[in-house]
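Sending over a structure as structure tokens; questions will come in a sec.
Letters A, B, C, D, E and F mark the chains in the order given here, with residues in each chain numbered from 1 onward.
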Amino acid sequence: MRLVIAVIKPYKLEDVRAALSEIGVQGMTVTEVKGFGRQKGHTELYRGAEYVVDFLPKVKIEIAVEAAQVERVIETITRAAHTGKIGDGKIFVCPLEHVVRVRTGETGKDAL
Amino acid sequence: MRLVIAVIKPYKLEDVRAALSEIGVQGMTVTEVKGFGRQKGHTELYRGAEYVVDFLPKVKIEIAVEAAQVERVIETITRAAHTGKIGDGKIFVCPLEHVVRVRTGETGKDAL
Amino acid sequence: MRLVIAVIKPYKLEDVRAALSEIGVQGMTVTEVKGFGRQKGHTELYRGAEYVVDFLPKVKIEIAVEAAQVERVIETITRAAHTGKIGDGKIFVCPLEHVVRVRTGETGKDAL
Amino acid sequence: MTRRRLFIPVLLGFPFSAWAADVPVLNAADTAWMLTSSALVLFMTLPGLALFYGGLVRTKNVLSVLMQCFAITAVVSIAWVVLAYSLAFGDGGNNNAWLGGVNKALMATIGVNTLKGTIPETVFVMFQMTFAIITPALVVGGFAERMKFSAMLLFSVLWLFVVYVPICHWVWGNGWLQKMNILDFAGGTVVHINAGVAALVAALVLGQRRGFPQTPMPPHNLTMTMAGAGMLWVGWFGFNAGSAVSAGGSAGMAMLVTHIGAATGAIVWSFCEWVRFKKPSVLGAVTGMVAGLGTITPASGYVGPMGALIIGALAGAACFFATQFVKRVLRIDDSLDVFSVHGVGGALGTLCAGVFAGVLGGVGYAQGMTMGKQVWVQLAGIGATLVWSGGVTWGLLKIVDAILGLRVTAEQETEGLDTVLHNETGYNL
Amino acid sequence: MTRRRLFIPVLLGFPFSAWAADVPVLNAADTAWMLTSSALVLFMTLPGLALFYGGLVRTKNVLSVLMQCFAITAVVSIAWVVLAYSLAFGDGGNNNAWLGGVNKALMATIGVNTLKGTIPETVFVMFQMTFAIITPALVVGGFAERMKFSAMLLFSVLWLFVVYVPICHWVWGNGWLQKMNILDFAGGTVVHINAGVAALVAALVLGQRRGFPQTPMPPHNLTMTMAGAGMLWVGWFGFNAGSAVSAGGSAGMAMLVTHIGAATGAIVWSFCEWVRFKKPSVLGAVTGMVAGLGTITPASGYVGPMGALIIGALAGAACFFATQFVKRVLRIDDSLDVFSVHGVGGALGTLCAGVFAGVLGGVGYAQGMTMGKQVWVQLAGIGATLVWSGGVTWGLLKIVDAILGLRVTAEQETEGLDTVLHNETGYNL
Amino acid sequence: MTRRRLFIPVLLGFPFSAWAADVPVLNAADTAWMLTSSALVLFMTLPGLALFYGGLVRTKNVLSVLMQCFAITAVVSIAWVVLAYSLAFGDGGNNNAWLGGVNKALMATIGVNTLKGTIPETVFVMFQMTFAIITPALVVGGFAERMKFSAMLLFSVLWLFVVYVPICHWVWGNGWLQKMNILDFAGGTVVHINAGVAALVAALVLGQRRGFPQTPMPPHNLTMTMAGAGMLWVGWFGFNAGSAVSAGGSAGMAMLVTHIGAATGAIVWSFCEWVRFKKPSVLGAVTGMVAGLGTITPASGYVGPMGALIIGALAGAACFFATQFVKRVLRIDDSLDVFSVHGVGGALGTLCAGVFAGVLGGVGYAQGMTMGKQVWVQLAGIGATLVWSGGVTWGLLKIVDAILGLRVTAEQETEGLDTVLHNETGYNL
């Protein structure tokens, strides 16, 4: 199994979630994060004191999937989150050894 | 070593933390997340405009542990976070190659 | 590739970010988290009702890097985040199988 | 004498008894109340309305809404002192039926001791100014979250002069509607219909917010909205009871019926929600309160407590269904429902004033008027306001669009107006 | 005439001079102040108390508390106009010692020019209404975060008629306690003891919140609580100084002693915290302020500045220890400490009124009264309120429980009342 | 008679006409307005200023700032009643040019019916107390986010007696500056220059916050600041129009020019920002408003509407550039820019009062004064305040530092004052 971690633009979350549901992804965990990268932040000014805000609001989606599904999930996210503008985000894939569903104690793919 | 990632119901956090302390887990990192899964969300209505909130508040706990401890940790979390109701959450286990304690520079198990 | 996960003191974020930029780290993702560990929390009192707050505000930084870079990144973070006081935090390194840049579809190191 | 001076305004239910005009004497008690009322009505806009509206938008736009309310307050205040007051309440000579004159521009002829009725004219200027401020501020709800700040400023100033001032003059400045004996105690036509229609037109001209109605746009902070709602309720006492321009029975009754209108409006709206959606909501309750207040406003100096009960109840129901209709059926993005609440409520209330002035303990009609005649006059006032406000607002928006452009870009709207227009963010918690 | 009309009440320093009673004439200055006071007291509840309470609960329940305060305001207002005012201040004929009559139901006989003392009766109705609103609103603190909205509504209305109205009549409506010359200037018995006891009983009948006291339930937004506290302080001037029902020396002294009570209460509570817990807290300071205000309330028209200093100091200390005792020893979940602050403070203040009216610059006693006698009368008032409020509140809660059920389910309580009862969330930041 | 009583104060532009002094008679209308004004000015501090300041600091320190404002209110109130009022307004006998006496300590000789001019002295005590409260509260902005609570308390009380009270006496208590006919209607010297200078000195003595200016320290909640700003604007009507101590033309004109000053200040500051930084900000607009209000304050009873327009405009520009200069050039961490706004504005306004009292509809000068002479007197007042406030504040801080230490430790400052000093956190959302 794999843990797919996608960092995307916040207002794309709804599209991505919908797209993933369509391909049968049952669940995901979402975190509000701040992103730092090529995309430039904005400036804030308070009574003349200037602050450059490098960190941009992003959303991180974590999805545990079977190895076989990874390709489709990546492809789906890429499509749904894509705007073509800098800052669209990244997808990371880590190995996932074990999954347990707290409610039932089920493990492995049954727990997804 | 392993990185144990548990997504649970927010009001169970205190129980889980306590249970983990009992079995000698020294530390953990907690993140407020929004969960999407089988558990249904609630509806909000503002002047007749209806919004279905699919994402439910959850808490994510990350715990770095020695491989040997994983079983006990999983078992402990499962017990403490269990309510039997849908939405209890999941536990994910990823391989962890390396750990460093910033303060001392210690690495590996000494850093936990 | 590797996913470097660092949990540090919030007010050290700016220093760490700057230090990482210097060694050419292009991007990172930051999350506000609550940490539990050796460092003790503070007490809050409301009309005599006492609450011990075990969880301390921390910041989690996730950085995807090439395997070769890991050492430098760890060393850089350790230096920049170090205060010598308990609670400085930890660095975790997980294997990273795959990276994709949403905007371009680039994968692997080109996506970083 | 004393008694007459005190009670005539009360009986007639409007500011200046003929008598007071003959021998103007300052009444310190009336002055004390009008100073207080002016403070209360400003309080309605800042921070009242600003918070009420600010809580309803999304986090990324909260400052832009606060800024709009605040900037309108500042700019309208200066415009009022410089010229608008004079055009509204100055002497328009032969054209006085349509517009006042420039004799009081720059506060000319207004000194420390100049009186208007029983109070210093400076206080009257202040009191009326607060009405001129809140009216364009109410319009903000129609174009919130998408309008350029510069365009908003230009539009608001033009609107003050071309829409607000004339209507204010017609109704309160001895204009043609006042001559017809229209009953509009505190601004059903001048303030509420006027703002409601302008907001609706603005919503239509600017178009929907991106993603409306599919994307949820829930209020970002209902506690802020509730705080603002409470301030509106309290401030409204200055708005309506202050419109008696004296501290007597008329002000007292106006305060009581105003309060009854607010309470009934809130209850009925909540009841509708409870039946229709199974649960009453905080936003619904406070919206019903505003509906009740807006509706009782034109009637507040003329009706009795029982009339107020009925008016408030009608307001809660009518505005509730109007909101559902505009939002769900017409799918117009009058973002903060200004038309459904203020427009509909203002019209309803102006009509009811004509009816309930004559029954259930109302103060009755001016000599020679009957309920029938009065209702016609009220309809004339409503119609005139609808047409003038609707038409001219549309024209002004087109002009401003040509000059500055009305709307921010799609990217800017997505990023949020606070950072884009003001280089700030509302919260750094 | 003018001079007499204006100055006699003033010189005598209390509301209705004998003279004014004989020949009732409207005093515009008194009216101006009472209009203002009514606005100030409503401001105490909305948004004052709503924010003060709302900030103290957990995020998931903030709207439910705001809604309770708001709904109570709306519903009580209508109940007051329809019948409650008449039962409290109408003529009860032979039973007048116990309850007023229905002669003023639906505001019958109350017109624009009807006077009550030197002010329009409409204003008196409004002013007293704001007291009838805030009292049940204070009770909310006892059952916050767990009561059904429907049950809360039914209970509050019943409570208004069966608990508040009678006690109000006894003390201020020429009832038996007033006949005994009880000294309760602005509501130590009617408002504070009454609300405090009802809240305690509610806390006992509903039981503790889930997880109390093990689970921490820290205030979710102390800045909101502080904002509300400031509004309470300011609004309280209308509450106490307004109770003079005239704009003269009595109102002035009432305002001064009220302010002194608030300040001393805050200082002493903070001092106790500093000694006991090493650090003074914001919540402690504002709670001490409320304690000082609640305690000075019944005495505010009778004592001098030095008396106020002592009363405020006693209030800060007594309420501090009462809170510790109820929370830590009795472990009763009077969630927002209504009893410890208002109940204890109200009783203490009612007693002190009897003492300090006679010394340190107090206004003295009615003819034939001595400090000893007065203290007995005060104790009678305190006792009567404790018994009636405690007993009847308990009965009403049982009845409402039987009809609707008082408490939400465990799941609902865990999820939070905002989404469960109102389909809303307080913040979407 | 009546007319004279009402207009003399107006013409002379200060509270008590000789006449009123001879035959003191209570004026209920003036009393009603002064009761209201006292409430409005307290409202400026709580919650107004507390929220305005609280929103500007970082989340971890928000409660510490609210606590400072609140604690100052409580402690100063008691100090005022016990002794400070008497030293400011009591009879100082031969030294009266410098300081009042102790004859009114503990409110001795002040009863329910004691008059001061046309109002009860209790009301005058209250009104002046609210000024004594807000002045040290304004100083908080200079040392925010780093001062010990205990040190802050001790300093504020000492400062009240040694800095505020004397200056207040010189200007309003028949001290040497009043004898020179200085024009300071509502506190350009006593309140604004005084607080501004003290804050600057405090910022210098305590030193910069850790990380200033490299680390960004953006306001944590601008919606809170905006809410506070609105309350300040409204409350300021009590501050300035209340300073007429009567409900007449003088109060009316004061309210109007105050409002104009606020509006112009906001507009001009925003304009400067727009030109200089391309975008107008919410924080800029409200800061300009405060600048305008602080600047018009000393002039508010003397100038006409056109004078106010000019004063407000000068205020917006001068304070904008002063802020840039202090922050960016001098790099002084006067954390909330108290000096740049209140100090500079207060001085500018005190000067302008001398000028515009004589032109553009000003009320003119006292007998024997000319614009030239008046300007010299104004400069004397400004200079005296600068020197006394600057010097003594510096000395007091050194003393307090020696006794308690002024500043928290570096660790504490990093963790935040809320948990460190008060065991609380502002938000648990």
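Criterion: contacts are C-beta pairs under 8 Å (C-beta built on N, C-alpha and C of every residue); 3 or more make two chains touch, one makes a residue touch a chain.
None of these values were measured; they are calculated from a predicted model.
Student: Where are there more C-beta contacts: A-D or C-E?
Tutor: Between C-E and A-D, contacts are more numerous in C-E.
Student: Rounded to the nearest whole Å, what is the centre-to-centre distance of chain A and chain C, using the mean of the C-alpha atoms as each centre?
Tutor: Measuring from centre to centre gives 18 Å for this pair.
Student: Using mean C-alpha positions as chain centres, tell me how far chain A is from chain F in Å, no decimals.
Tutor: That gives a centre separation of 52 Å.
Student: Quick check: what residues of chain B touch more than one other chain, meaning two or more?
Tutor: 31, 44-46, 94-95
Student: Return the residues of chain F touching two or more other chains; collapse runs of consecutive numbers into ranges.
Tutor: 27-29, 32-33, 36, 218-219, 221, 227, 277, 279, 281, 283, 423-425, 427, 429
Student: Dump the list of chain pairs that touch, please.
Tutor: Chains touch in the following pairs: A-B, A-C, A-D, A-F, B-C, B-D, B-E, C-E, C-F, D-E, D-F, E-F.
Student: Mind pulling up the chain E residues that touch chain D in the complex?
Tutor: Spelled out, the residues of chain E in touch with chain D are 1-2, 5, 25-29, 31-33, 35-36, 38-39, 42-43, 45-48, 50-51, 54, 62-63, 66-67, 70-71, 73-75, 77-78, 81, 106-107, 110-114, 119-123, 125-126, 129, 149, 221, 224, 227, 421-429.
Student: Residue numbers of chain A touching chain F in their complex, please.
Tutor: 44-49, 51
Student: For the complex, give me every residue of chain A touching chain D.
Tutor: Touch list, chain A to chain D: 11, 14, 42-46.
Student: For the complex, give me every residue of chain B touching chain A.
Tutor: Interface residues on the chain B side: 2, 5-8, 31-38, 54-55, 58, 60, 70, 74, 77-78, 81-95.
Student: Quick one: in the complex, what on chain E touches chain B?
Tutor: Residues 215, 414-415, 419, 423-425 of chain E touch chain B in their complex.
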